[in-house]
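The same chain A turns up in both complexes below, where it pairs with chain B and then with chain C.
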Partner chain A sequence: MTMSIDNLRGLLEEAGVRPELAKSLDPAAPMLRQGIDSIDFPTFCALLEERFGVSLDDATALSLRTLNDFARFLKENA
Partner chain B sequence: MTTRAEALAAIKKNYAELTPGQKVTARRFEPADAPGVARLFYQVYGDDYPVDEPYVPELLIEANKTGRIRTFIVTVADGSVVGQAAFYQSSPPNKRFYEYGQMLVDKAYRGTFAVARLHQFAVKNMFGQLEGVDAEFGEAVCHHTTTQKMSRGVKYIECGLELGLMPQTAYAGEGVTGRVSCLLQVRVNAPGQGVLQMPVCWRKQVQALLPRWPLERDEHFSDPACRPPDGSATEMATQHFAFAGVTRLNVSAAGEDFADRLKAELAGAKARGHALVQTYLNLGAPWTSNAAEVLRQAGFFFAGFVPLWFGPEGSGPDALLAQRFLSPQVLADIKTQSEEGAAVVAMVLADMARAGREFGSPQAAPAVPVPTEPLQPEPVLPETVQPKTAAPAE
Partner chain C sequence: MSEHANVAAMLLARNRERHPEKAAYFCDDDTLTYQALAADAARFANLLRAHGVQPGDRVVLVLPDSLAYPKAFLGALLLGAAPAPVSADLSREDYAFILADCGAKALATWEGSPAAEAAKDVDGLDAVLLCGPHGPWGLSGHSSELQLPAMLPPTGAPGLMLYSSGSTGRPKGVMHRQEDLLIPAGGWGGVLGVSADDIIFSASKFSFAYGLISSFSLPLFFGAPAVLFPGKPGPYELFAAIARHRPTLFFCVPTLYNMLLRAYEPGAAGMDISSLRLCFSAGEALPEVLCREWTRTTGVEILDGIGSTEALNVFIANRPGEARCGTSGVLVPGYEARLVDSAGADVADGAPGDLLVRGAGVSSGYWNRPKKTQETILPEGWLVTGDIYARENGVYIHRGRSDDMLKVGAHWVSPVQVEEALRRHPAVLDCAVAALAVEGLVRPCAHVVLAPGFEAGQKLGADILRFARGQLPPHMCPVRVQFLAELPKTPTGKVQRFRLRQM
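Now for the complex of A and B:
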């Protein structure tokens, strides 16, 4: 499944990330270095699992560092 | 029935480290999980957790069966319990007012998503959905904002600051200097109707906090001249939290002897070497202003307004939280995640300073300046939430 970066930004907002932060994220840079915190990140991952039926264990999730990584993961697995 | 000592002996005999790296899933507690929960409490608290239920499987099973505790866990494929959290009846006299906490994660699973999985399970299945629970509260530590953010995301509203509640020793290894404060956050599921007698001396603070929930209150300004009935006795429950150095008073009814009873409690707390006295005052009586003035004259300061704290049926009366330090204290850094939280902090610190000026009450001074603006959460890697350590009763 192809998921646009803007759609991922929308899912981040659903996960509780402030809209201005979600919109400002550089898709090629690590999310945890741009203000996404230890609550936002797993909530976002859980939302992806629920929405797309993918399985994200901790190790896999932590290997996905950027929005581009997540888009690629969903394209290959969802 | 297994005793606490027998249960602890069994935990120690069977204790084994967990296999790290397994995928965690969250679900409600089942009786077979009780030994795993006991092991977890033992790993985190040793022998020292002040309540028996977590250590004694039969007690925890029974408490979950009756609904007094609503435990949920994160588990792994081999059946091990790697984390737990709970909604449970604690200090509020209102037994339909539950605390959310006891969030513990096995040391092999810290830095994983275990805490997040627990919290997400509660978001989907528990917050606002528990039968017999009219309100929920949490005490979010203020030396970081993670817990505050988690609570706020599920409609927990800041309404008080337990200034300097916990000793620095409870957070060893976290770089904390000074006593740690906790923000009181309350979620109201069933506001009900009730009488609220506004205490004149702290009415501005109560009025500022009251609109934060859709409460239906019959508001009155309690007449300061209205005194408790002649010969009436104060109904007060006292809890001593030795580890935290805190005395907590739940004043269900302030009687004619309230000033004397309070004086005795302050003297007793000081003799015990406690740092802090907290008083929850019932805001349902016509002589509320008189009782609040007794607290103010004794050097207490406003620390919060807590809806539904006292109601036996869940509809109130609400409570005023007042605090008094017994000696000067150093406060750990206070971080807030929201404007509402920052406003509560400012309100409480201002009234503590007032109590110092007017009555010479001991002050708690921040080790570093308190920020006036809410902080954004720091970008950190997933980490466990350090639980507020419950304190043992003496």
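Now for the complex of A and C:
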């Protein structure tokens, strides 16, 4: 499934991330370096699993760092 | 009186004689030698005594992991008082409860902390010692020699206490003898092959049993320096601390390993982990995939294990060179285990059963909670862990919990407390919190029955998640809201949270 970066920003907001943080994330840089914390990340992952029926407990999922990584993962797996 | 010697005096004397000028602790830019640690621990004991603290009294420690911590902990032990390290992240209400519950005689904390605020309303708390990174103000004015010989706690009094979350949300004091601190060194420390050549770094804090053993017992027993990290452990900060202090042994918890692995870029600036010879994980089960990927990506072996505050601490662990990802490993020397069914009979190999453990370091009981002690520590010394395990050829594999408690980010979470907070949201008529596996790790999931007039939807779900974040500490916040028409209940109306688990 093709997900735009803006769609992913919307999902981050839905996961409870502050809108200004979600909007300002550099899609090519690690999310954890930009203020996404230890609650945001699993909440975002839980939302993606629920919404797109993907499983994020395999080795590939553990290497997803950036919004671009997630967009590519969903394109290939969802 | 106990037949044992004062544990603090023994550990300090051994290191002072062996290598007085060697570093005992590193913290940021500071180094504390064994000689200086012994002197300041004695000063701390003298300071406490000057404030009227006696053997057997409880001394609550609410401090960041700093050089002040081992000084305060050892100082209380030298006096025969019971240090009670408590997490530095609790609310004023929690501190008020704990200080009153244990009848604290003294509190060591930082100026303006919620614990210092709470102390103002606690009767009998005579001494509030405000500490900087190196210890309380005025410490240097006390003698570096003990004014009285090191003492032992009175018979029956705890040597130390640790607070652990209870199923009702109220923390309970877990009592231990001073000598319990040494048991993990001989057993678990032997498994890990700890020696004076190691440098130990625990991301788990001093106030948790796992952190206490990793940052206190192992380092002082083996004469291995330890790194203390005062801040909130985020992945980049931990990598920076590892690159700077070059530890050989790293102790951490699965949620943080998950974040560290996501952040890890081999060869990147500030990510030199080449000093590590071994990583250990405890606090919750380490997912098999995370275990494998960590070792594959970093090249450093990671060993999973399980311990508890009551058992102080790790009683089942993988062995270096023989790690089996997806398992907790085999028994640590000094502990015995049984897996039993609901009638208390031992189950067959491979079948799931309730894990009971027994060993010399198991708690003598909960402070002022005889009923809870009776339920948890059975006759003949068997400790009911609440964990379900299967055993295959001596290897233990975690199968979940037998109660509703959740272990999230190595913290105990009582569903009751999360549910109480969620019910304050106007849309929530009723709710139940149960475990949800995300990336193989346990997270709280809120199952919500809506009040009349509210409609289930993504926006309302997000609003409830945000509301919870404003009410609860991070590890207690649900990561998902699921709407239900009604909660599963027994005929008597008790919520069946186990039916809502998604593991």
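Definition applied: the second predicted complex is superposed on the first by the 74 of 78 C-alpha atoms of A that agree within 3 Å, B and C clash if a C-alpha of one lies under 4 Å from a C-alpha of the other, contacts with A are read in each partner's own complex, and residues count from 1 in each chain.
Quick note on the criterion: contacts are C-beta pairs under 8 Å (C-beta built on N, C-alpha and C of every residue); 3 or more make two chains touch, one makes a residue touch a chain.
Just so you know, these numbers come straight off a predicted model, no measurement behind them.
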| item | value |
| --- | --- |
| First, second, both or neither for A:Gln34, with chain B first and chain C second | first |
| Partner chain(s) touched by A:Glu14 [first = chain B, second = chain C, both, neither] | second |
| Partner touching more residues of chain A, whether chain B or chain C | C |
| First, second, both or neither for A:Ser63, with chain B first and chain C second | second |
| Set of chain A residues, in rising order, touched by both chain B and chain C | 16, 32-33, 37-39, 41-43, 45-46, 57-59, 61-62 |
| In the complex with chain A, residue positions of chain C that touch it | 234-236, 255-256, 258-259, 261-263, 287, 289-290, 292-293, 409, 436-441, 443, 445, 458, 461-462, 465-466, 469, 474, 477, 479-480 |
| Parts of chain B lying in touch with chain A, wherever the complex brings them together | 21, 23-24, 112-113, 116-117, 119-120, 146, 149-150, 153, 376-383 |
| Contacting residues of chain A [partner chain B, same complex] | 16, 32-39, 41-43, 45-46, 57-59, 61-62 |
| Of all residues in chain A, those that touch chain C in their complex | 13-16, 30, 32-33, 37-39, 41-43, 45-47, 49-50, 56-59, 61-65 |
